[in-house]
Every structure is written in C-alpha cells, then in structure tokens.
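What follows is subunit A paired twice: with subunit B in the first complex and subunit C in the second.
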Partner chain A sequence: MTSETTMFKSVGRFIGNNPLVPLLILLLVLVGVLEFMRPGIVNERWIGNTIKFAIPLAMLAACQTLTMLTGGIDLSAAVAATISAFVMATQVPIVGVPLAICIGLIPAIMIGMVNGFGVAVCRVHPLIMTLGTGLIATGCLQVYQRFVIASGSVIPDGLAWLGTGRTWGLPNALILFVPIAILIIWAQRRTGFGRLLYALGSNETASRISGVRSWQVFLALYMLSGLIAGVTGLLYVGLIKAPSLSLVNPLLLPSVAAAVIGGTSIFGGRGGYSGTILGALILTVLGTLLTLLQMPEGLRRILFGLIILTVTTTYIRLTEQSR
Partner chain B sequence: MTRQFLRHGWTAGLLAILALLFVFTKIIQPDFGTSGLDSLSRAMLPFAFATAAMAVVVIAGGIDLSVASMMAVAGVTAAVLMDGAGDGMTAVAVVIVLLVGLTMGAINGALIVITRVPDIVVTLAMLYVWEGVALLILNGPGGSATPWLRELIVGPFIVPWLPRSLVFLAVCLVAVWVPLKRSKLGLSIYAIGSNDLAAYRSGVSVGRTRIAAYAVCGLFAAIGGLTLTMSTGNGEPIPGPYLMASVAAVVLGGVVLGGGKGALLGPIIAVIILRLVRMDLTLLSVDPNVTTIVEGTIMVVVVMFGGVLAYRGRHK
Partner chain C sequence: MTDQQAQTPLLDAKGVSKRFGAVVALEDASLTISAGQIVALMGANGAGKSTFVKILTGALKPDTGHVRIRGTERRVGSPAEARRSGLVPVYQEPSLIPDLSIADNLRLGDTPVADFQHWVHELGIDGLHLDDMISALPLATLRILDLARALAVKPDVLLLDEMTAALPTDLVEKVLDTVRKQADAGQSVIYISHRFSEIAEICDRATVLRDGATVGDLPITPGVEEKVVELMLGAVLDKDPTRTSTAAHCPEGMPRVTVRNLAAGTKLQDVSLDLYRGEVLGVVALEGQGQDQLFDVLAGMDSPTAGTIALDGKTVSFNHPADAIAAGLSFVPGDRADGLLMERSVHENIALPQLARFAKWGAIGMKKEAATVKKAIDRLQIDTRAQGEVQRLSGGNQQKVTIGRWIAAGVDTLLLFDPTRGIDVRTKRQIYLLVRELAEQGAAVLYYTSELAEVPAACDRAVVIFNGKVVDVIEAADADEQTLMRAAYGLTASAAVSA
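For the complex of A and B:
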C-alpha cells in the first residue's frame, strides 16, 4: 500500500522533472490520428521521410534554442544557412568539394561573429541585431549571385547522399544529426559553457557580478549558432538539391516555433535541446496531417497557427504547475 | 534646455539626416521635384502605417509579428467589399475594414493576456492565422478599389509641392495618435511599457490596456492594408515585406525595444529616411541588391551606436 503511493508520487515527480513526457504523448497522439485517418500510412518509409524532413528543422531550431537560453533569438539563422548552401554549391565547380564546403561555412560564421559583436559589445537587442545582419547578408548573397551566375552550381554527391539517401530504412542524415544533437545536449547540461548560457538567461546582471565575462560567452554563442546554421544549410541543400536565394528561409519561423513548443522559454534560462527535437518532429507530423486533410490552404495555415498557440499555452500551464 | 534637447535629440538628429538626404537627392537629381516627392510619399504609405502599428505595441512593451499579415487581411477585405460597390458602399466598406483591424488587434492582445504566453510567440502563431484568413477571403490577387478612394492619395494637395498621400498619412496618424496620447489610455500604455508591475500597483488595468494597445496596432495595420489596396487597385493576400521594415524603422526612430519610451514622429521620419535612401540609390543606378545591404547596414550601425550611447549613459 505505502509502496504504491510512493510509486504514484514518484511517477508524478517523474513527469514534473521530465517535461518531455507530455510532448512525447502529443507526438504519439498526432501519429495515431494520422494512422486513424489514413490506415497504413505509418510505415517504415513514412517514418524515415518524417525524420528526414524534421532534421534540418531541428538543426535550425538548435540555433534558436541555444540563443533563447540566454534570452536572445537568432533571426539570421535561415539566411546564414542559405548563404552556406548557395556559396558551397557555386564554389564546387571552381575549387572542388572539400574547399567549397569550408568556403561555404565562412560567411555563416562571420554572420554569427557580427551578431555576437553587436549583442555582446554594443548591447543591441538580439532580435534587432540578427534581423539587421540577416538583411545585410541577404543583400550580399544577391550581389554574390551575379558574379557566379556563369559558373553554375553543383551539389556534391556526398551531401546528396547525406540529405536524401537511406541505410536500412533510416535516413543517412542521422549520421550527421545524432552526434550533433548529443554534443549539444551534452554541452548544455554538462559543460561550463552550457551552464553559463542558463546563468546569463536567468539573470544577466547577477552572473556578470559573479565574474562571468558575458561578452565572451555571447560572442562564442552566436558564432556557434552561425556555424550550426551553416551546417544545416549544407544538409538542406543536399535534401532539396536545388540551391536558391531563399532556400532555408521558409524554415525560420517554424524553427522558432519548434524551440518554443519544445519548452524553451523565450525569456531565457529555461528549456533544452531535447524538447526542441520533439518540437521539430511534432511540427513535421502536423504538417503532414494538415496536408492530408482536404481543405483550402488558408484554413490549413489558420489551424497550424492555432495549434502552435494551444500547444504552447498548455505546455506553459503544465510546467508552471509542476514547479 | 539641455533636457529638452536630450529628450528630442534623437528626433532632431533624424530630422537633420532627413534634410541632408533631401539636399543630397536634389544634388544628384536636379529635376527632383513634385512628382518625385509624390511617388516617394505614396510608396512610403504602407510602410509608414506598418511602422506606426508596430510603434504603439513596442511602446506598450510588446511586439507584434503579425502586422504584415493583418495588413494583408485588411487589404483583401477592402478589395472584396469595394469590388463593384458604389460610392456610398465604399464608405461603409472603409468603416468595416477599420473595425476588422481593431478586432484583429484586440484578439491578438486578448490572447496574450489570457494565455500568458510571451507576446512574440502569440503573434508568431497569429501571423499564420491571419495569413490563412487573408487566403480564405481571397485566394489570389483580385478585387478592386473605388476610384474616388484611390484619388485620395494621388496628386498634390492645395499647393503643388504637397503630395496628397502625405496629408492623408498626417491626418490619419494625428487623428488616432494625438487624442490617444492625451488620454488616460495613452498614459497607461506608456506606463505598462516602462514597468507593468508599477503600473499595476498605481491602479492601471494592465490587461485591458495591453488589449487596447494591440487594438490600436490592428487599426493602424488596417489603414496600412487599405492604402495598399488604394495604391495598387487590388487586394493581395500574400503579406508584403512590412514586418522587418517596420521593426527596423521603429528602432531607428528611437522607440526602445522593451517599451515605455518614444513616440510616433521619430519612427515615421525613420521610414521616410529609409525610403529616401532607397530612392537615392536607385537614382544613382546602384544595383538594387546593394540597396538592401546599405539599408541593413544603416539599421545595424545606428542601433549599435545607439546601444553604446545608452550603455555609456547608464554607467556615468
């Protein structure tokens, strides 16, 4: 009897301590609804496809999650990813694959560096700073496009393999994503850098007084965010196989939504990357679900927005109660 | 005297930049005159109203990412209602559009207050919702605008050098903003922007004020959408690039992100500056893509400069 009540208590505490559980349940419910609407759709192939399309979103959402932990946001992530992809694809015919990949990542890191400089040294609000660098970078990309328009673009076979191929039913992109995800989760939980992010997000003044050199952390954070965005771009162009000037841009707002649904507070100090991954999966499944429903595009968008809002509201209520 | 200057220093600086830009425009394009002014002012209208909408909620300590989508909804509503309507019906249509704007804004505000979800997230979700509503009303560009309404923003007003669109902008902004700022509600909006807890303890109803601020934002967005339909002659359900532009102009205009400070005049001057820079670069036959870079750089540099100034000011 007593052992049973303690078990119930520990289950309750388990849910309180593991805010991922309701997200996982939501994901399973969505998959269940999908299976109910179209029996037989949920098979190995569908799971592979869902994961394949969720991965770039989850990676882009990593930029948002990490910056949100400090109370920031990275609106230039999509542009950084697009630039990486475009520069890489157009440099391949000129300098070869390995060098092109390196050249492609440079602008993404530079965008991150400028963001970091603005946020850390000039104390500009991250929203404004990343918005501005995103604008500048878009302009630069368009100018760059004019110079390389003759050389054409090539997607390296390796990236196409990584983006679209599958081994034993699972997409190859997992080879890239799983180590990155593990690294991010490990870094945010176990390393000093990760804890500094939470500290700066909870109370910047307090952490600065305790001796945190906030400008170094911010600079490193936004450069890291740029780098992740660049890698996302490379992966995504392997998936889509057609570099364009607005390749990754449609993923920007969903990436913010994925991080928010995953329980990361936009004010900083709370949340984590594991939730974001689930958020990205939920958004992708939701997208499939809404596509399957025979309804006009407008209604689909309305539903998408309302569901994001409902999920976030419920989630905030749930986690508030558990504290 | 010094306090007065510091208070209006930012706006004065913007005005000086604007004057310099006009002189510069006249130098590079000696025949820049009434027609140039007219087209500049007409192109600026939707941006100006989007910026005004954004400015009100930023002053109230929030942000509204759904401004461009609300403009799209208002634009298509106007276009559909005015399609084939007579002069009398048009007036009714305008009133309906304004009411729709107020309602959309109030819904945004109410959702923020009720759900207690951060405003960025709520308006991000509502961005999709309003986009969807606009697509439901009109699935592609269509509808039309009544001619007399279109003539409201075309051509000069009384004197040849004063574009009618500029007068339209000034009248709309003054008619909404001046009574608002003088009223109790206006004071409450500034109060919840600078410190909502202090405002609450001084007896301001924070939730109601926030909803009102978002409703005013929706109203401005609706006027913006209306001008969009007026200048193009049809409704366009896909939102234009007004979100980013309005945030940029608001910040350039000296409204502090986080609330409580600033007014409408600064952001509007900032809009004119940004449009004028764009026009100058086109006149200089600079690649339009370079124009985007220049605009972004201006925004980032000004904001960085302002950030450093504010930081220095706090630590003296």
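For the complex of A and C:
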C-alpha cells in the first residue's frame, strides 16, 4: 500500500468519525472564495442575508432528512408548504390571523397523513407516494384558488417581521429556526422516535423482529414532515411577501440536495440534521457565488449541478473509505 | 460399445479442493459416474456438498483437482456454457423467470419445445399451455417444468438437488419412475436428497462427503443407511458437556409453550411440542423441514394455517412480532443480516427492543439505557473495539449482539434459530454456556441448530422434525450424533413405517 492511499484512508476515517468537519471546511472555503472575488462582500449584512435565505431551505430539508433516515423522501413537502402559505394568506381577510395560521397548517398535515397512510399501510414507495400526493395537492390548490379569488390575500405583519426583519443584525427567523433545529437534533439522538427512524432505515426486518410496528412510525413521520413543511411555507411567504401557486416549489430539489450534501444517506439509516443545516448554508453561499460570476443562467445551472455531484460523490467516497 | 468407452467414466471428478479465504470448503472430493448410473451425493450440513455441486456445474473453479466430462476438462463459464457441456442441474428453487410465459422461458434457454412437451406429459402434468405465465403456476408444477426442461436438452449428466421436496406423493412416484427409466436408457444422474427411501428406490451408488472430502462410495444394498450415516459422521469427537447437572431432566408442571398440530407455509405440516421453563429444547431437522416456519410463527413473523399455540396454558395468536415479544417470546433469527442494524452502533442495536413500543417514543433515559447495554455487553463478553458500526464486528460478536439485545431486557422465552452458524468455536462454547445459564435461571429456550453435535452439548431434550412433522422426541443427554443423524433422516423406529 502506498503512503498516499494510507493517507486517504486515515483522512476517510477522520471524516467518518467527524462527518461535519469537511462540510464546515467547504463552507468556509466557499466564503473565502467569495471574499477573494469581491473583497469586502462578506460583512454583517451579507451574513444576515445568507442565513435568512438558508433558513427556509434548511427547514424544508428537515422534511427530507427525517424521511431519508428511514429510506424515504418527501417530494410533496414544497407543495405542502405552498398550500399552507397560500391558504393562510387568503384566509386572513376572512377569519383573522391566528385562525388563518391554524387553517393553513391543516392541509399540510393532511398531505402528510395521506403520505404516511400510503407508505405505512399500502406500502407504496415514498418517492411515488409523495410525488402523487404533491400533484393531487397542487390540483386542489388550483381549485381552491377560484373560490377565494375575490377576497384577496394578506401577509400578516408578524410573519413579515419573522421572515425579513432583523434584530441586532441577525434575522428574526432564527427565533423560529433555532428552537426547531435544536428540537430535531435532540429528538433524532435522544428519543425513542428518533432511534426508530434510524432503525427502520437501517433494517426494517430487524426492526420488525425487535417489535417495532413500522406503520405507526411512518404515519407519525410523514405527518411531522407535513407540519414542518407547513411552518416553512408560513415563514417563506413572510420572506417573499407574495403568495403564489408555486411559492416554495423552487426549494424542493435544493432541499433534497441539502440533505444529501449534509451526509444523510438516501438509503436510510445514516446521517442527521446538523449536516443538513450546513448543507443548506453551502447551497445558499454557492448560489450567491455563481450569481456573482455573471454567467448566463444556463451555464450557472450546469455548474451548480456539477458542483453538487462532485461534492456529494467525494464526500461519500471519503466516508466509505473508512469502512 | 468398445472397451475404451466403457472404462472412461462419463463424469469424473478427482481430488477437488476449494478454499474461501481461511475456510477450507473442500479438501479432496471425488465423484465418478458411468453412463446409465444414478449416484446419490450425500453429506451432513457443512460437509461441502453445495460447494462441490457448484464446482461440478462449473459455477466455481476448483483450486486443485479436476472435473472431466467425457474426458474433457470442465471450464468455468456462463450457465449457458455449462448446459452445452453436458451437465444440467435442477435446483431446489425453481429457476424459471416468474414474469414470463412458459414459451418465453424455453426460448431463453434454447430448449426444444416438442421434447419439453413430451417430458411434461410423461411426468404426468396435463392441461398446460405454453402461454401460461410462470407466476400463475403452483410450486410443484414449476419443479416438474424445471425437470422437463432439463430432460429436453438431453444432458449427459442430470443433477437433481432435492428434486422431490415440495412435491405431492403421486408426482414423487412419477418423477422417480421417469428418472429410473431414463437411467436404464443410458442417462446418468447425480441425485441429492435427504430421503433414504427414495435413494434406496432408484440409486445405484452413494458417494458420501464429510468435512470436504469423499469418504466413501457404496453400492446401494439393503441396510446401507446405517453405513452411510456412520460415514457422514466419521469418528465422533468427544465433546465436553456444558451442562453442570448430569441428572436426567424431567419436565414438570405447566409447559411454558404448548404447540399443537401447527402448520404454516408449504413445509410445516403438523408439529406439536411442549417447552417447559428451565429447559433447552432442541429442534433437530435437516434443512428445509419446516423449522423456519415453526420459528417464524412462534415469533409472530408469520401466521399459522392450522393448529394452536398456548403460553402457560392460554391460547394465543400473534399479528405482529410485537405481540410475541409482549407475551415474552424473543426471537433470534438464523440470518444475522435479518437481525441487525448493520450501520448502527452496538449500543443502538442492543437498546432497540426496549424502544420499539409507542409508549417509548419520548425522551430516552440515557444513563439507564447505558447501564442496561453495558450489562448485556459484559455478560456476553462482546468485543467492543469496533462498536461504532455493527457491520465491522466479527460474525461471532454480531451474533452476541442479536442475543444480547434480549438478555438486556431480561429474557423469558428465547427462540434461537441456528445461533452458532458460521461462528468460531470459542464463541460457540460461550453461547452454549449462556443458554444453559439462562435455562437454569428459569428461562425456556427453543434451540434449532444445524450442527447435530451441539444438541447433547446444549439441550435437555430435542424434537426431531422431518417433512414438516415431529417424528421423535429424544433425551439429549444420551443422544449421540449417530442417533440424531438417523432421526434427522427419518430413520427412527417411529418413522420407519413411512420409509
């Protein structure tokens, strides 16, 4: 064995034990490149803005991370978020803010419930199930739009404050996001439910033999995913301030990418939410970087895709090396 | 036929050896067949039978030795090449593609259709259409189709692996008749079976494998069974008993588990047994006699088609393994890959059953959990140097984890399916000792093992299952391997009637 491969292996082992370190390094390198290209761009304002846009992405990516831990995925998350935002905004003129928020979250949870039922009881593959419910929900939203076209829509001030406001330079959205992130990271390690997500993703037969009733876990998981998506939608509409029928949809695939870059295996059983948060930040910084390059849109997308592929494959290679 | 032709055997395998890493699967296996002979290939579990078959069919390359068919060396190649070279196997699992029609399957294998239809008819299956989908046909029919397909290509040597398993009696008779007739017409056959009655009926010779070497080649004569069993066992090694008490075990009181006339799947026909607290009840069975289904049903993985299970005298039925666990039955599956979360830590694997219930979805008491896990690790002496991911552990340590997760919670009734398969001698011994200890502390243990030598070492009594039925109950203390082997092959006094 050459010394090069030995080094490669030991680097791999180090990464295997500390999977967040290379992501953090990558993030800092990207910020460094940005500062190099446009000296002075990295300031308090820029950092605040980056975090502000990374938060909805990271929240939507929570849906992907949690479902991916069981070997699933939630492709209806963006639609669920959009519906929540749209329904809430159109209900505010009719029923007032607090009730509108509650009504807005109901369809998101219901989408999750249908997903959970399909995956847990009918054993439909999550990819197909959530793709299907996503399409159905989009259709329902279009029908719903016709009924509320007259009443117009209002973004509550509170949500706008949460979505765009700052306190001491930091985005207010952190007030919502930090507790949610802490809760998810705690739950995935320190609760029975979190452990079962890993267990089901790692080996469903073994979980069954150990007495895990998988349908309960799947049902709860997809409902939780729907709820998180709904909350994301409310936050995002506060940031964008214009509800539309495809509000959160552009975030869907980046949310999957954030989870994957963050080290969560799409085959389940491996990964976690802390990596996903870094993944969301990396994607946001990368987006800024490519915008600055002043390339044509097409080329920018090609580069974006290539970088995601390179980062993910290298990362997986490095961590697999240690096994 | 010239003298030269008569002396050259059709198939001639000599001095074949094969090792996988440090494991020697075959050491010196030989087999010769002349035209028109049916030779039974026999050997206990782990004797190297399946490796030898793979080498004969050309799926594996031998390390040393040679396999010649009509005097030409066998090369390792594709299954199609194997077919052309004259040895055609029919395996226990049907090899037809389920989502294609019969005709399409024949086309894939370049099988002459007219010959195929002739054999199907000969074997007693009528009313088949070539357009029928394979997936719509019953298992017994598929096995016959497989055989007909093999016969249709007119092979020099036909290899039948447990051909008659899962066949109803009338078809078994048809198959045996046809094979014998073919042999009389000059076809050579290698016949692998656990059923002595069939071997006695159609075979000319029996070649016996033990520990990877051919140890005998006997003509089939009345009473040859005893000789074959002796050869399969070899010199019986003196095993240290792991039991502390030498007194005969006498079960008393209410059985912990009562099984009556249980049937499930295609293989488990009619099993009744009583398992008492404080005893280790062995299950002796050759591969595929229905023991898998017995354990699956007891563990709540599968539902029985007939019969009852009672715990402490109360009839129960399980819809999910969780029900069985709640009732105190813990199952350690035979395949470790079915029991472990390979990417997760030793800790998480051991703690899993305790978090399975809905009531435990909340916060985990980390300190309490760590203590329970540590207790299990200490008790089983699990090597925790690579505890981050279970897949990095050795086979023996992995097995300890699958057992340890039930010990951690305190075990009531343990269902162990072949817990010592493929693990080292030292760990095996630790497992026997643990099982004995658990029984002494009042647990009831049902213990299936594919290694007969383990039965006297670990069990109190043993039930023998043959063809999905209990054929005998043996006191394990005075059961030597020979008795067990004869019982497993259905050769006991009580089973002699059917033979």
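One rule holds in what follows: the second predicted complex is superposed on the first by the 306 of 323 C-alpha atoms of A that agree within 3 Å, B and C clash if a C-alpha of one lies under 4 Å from a C-alpha of the other, contacts with A are read in each partner's own complex, and residues count from 1 in each chain.
In this text, a contact is a pair of C-beta atoms (placed from the backbone, for glycine too) under 8 Å apart; a residue touches a chain by one contact, two chains touch by 3 or more.
This structure is a prediction, so every number in the text was calculated from the model and none was measured.
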First, second, both or neither for A:192, with subunit B first and subunit C second: second
Residue contacts on subunit A - larger count, subunit B or subunit C: B
Which of subunit B and subunit C A:306 touches, first, second, both or neither: first
Touched partner set for A:241, first subunit B, second subunit C, both or neither: neither
Partner chain(s) touched by A:211 [first = subunit B, second = subunit C, both, neither]: second
Contacting residues of subunit C [partner subunit A, same complex]: 299, 301, 320-322, 325-326, 331, 333, 337-344, 348, 351-353, 355-358, 360-364, 366, 388-389, 391-392, 405
Contacting residues of subunit B [partner subunit A, same complex]: 63, 111, 115-118, 120-122, 124-129, 131-137, 139, 244, 247-248, 251, 257-258, 287, 289-297, 299-300, 303-305, 307-308, 310-311
Subunit B partner contacts - residues on subunit A that touch it in the complex: 73, 114, 118, 122-125, 127-129, 131-140, 142-143, 146, 253, 256-257, 260, 265-267, 296-306, 308-309, 312-313, 316
Residue numbers on subunit A that touch subunit C, as the complex places them: 17, 190-193, 195-196, 198-199, 202-203, 205-213, 216, 220, 269-270, 323
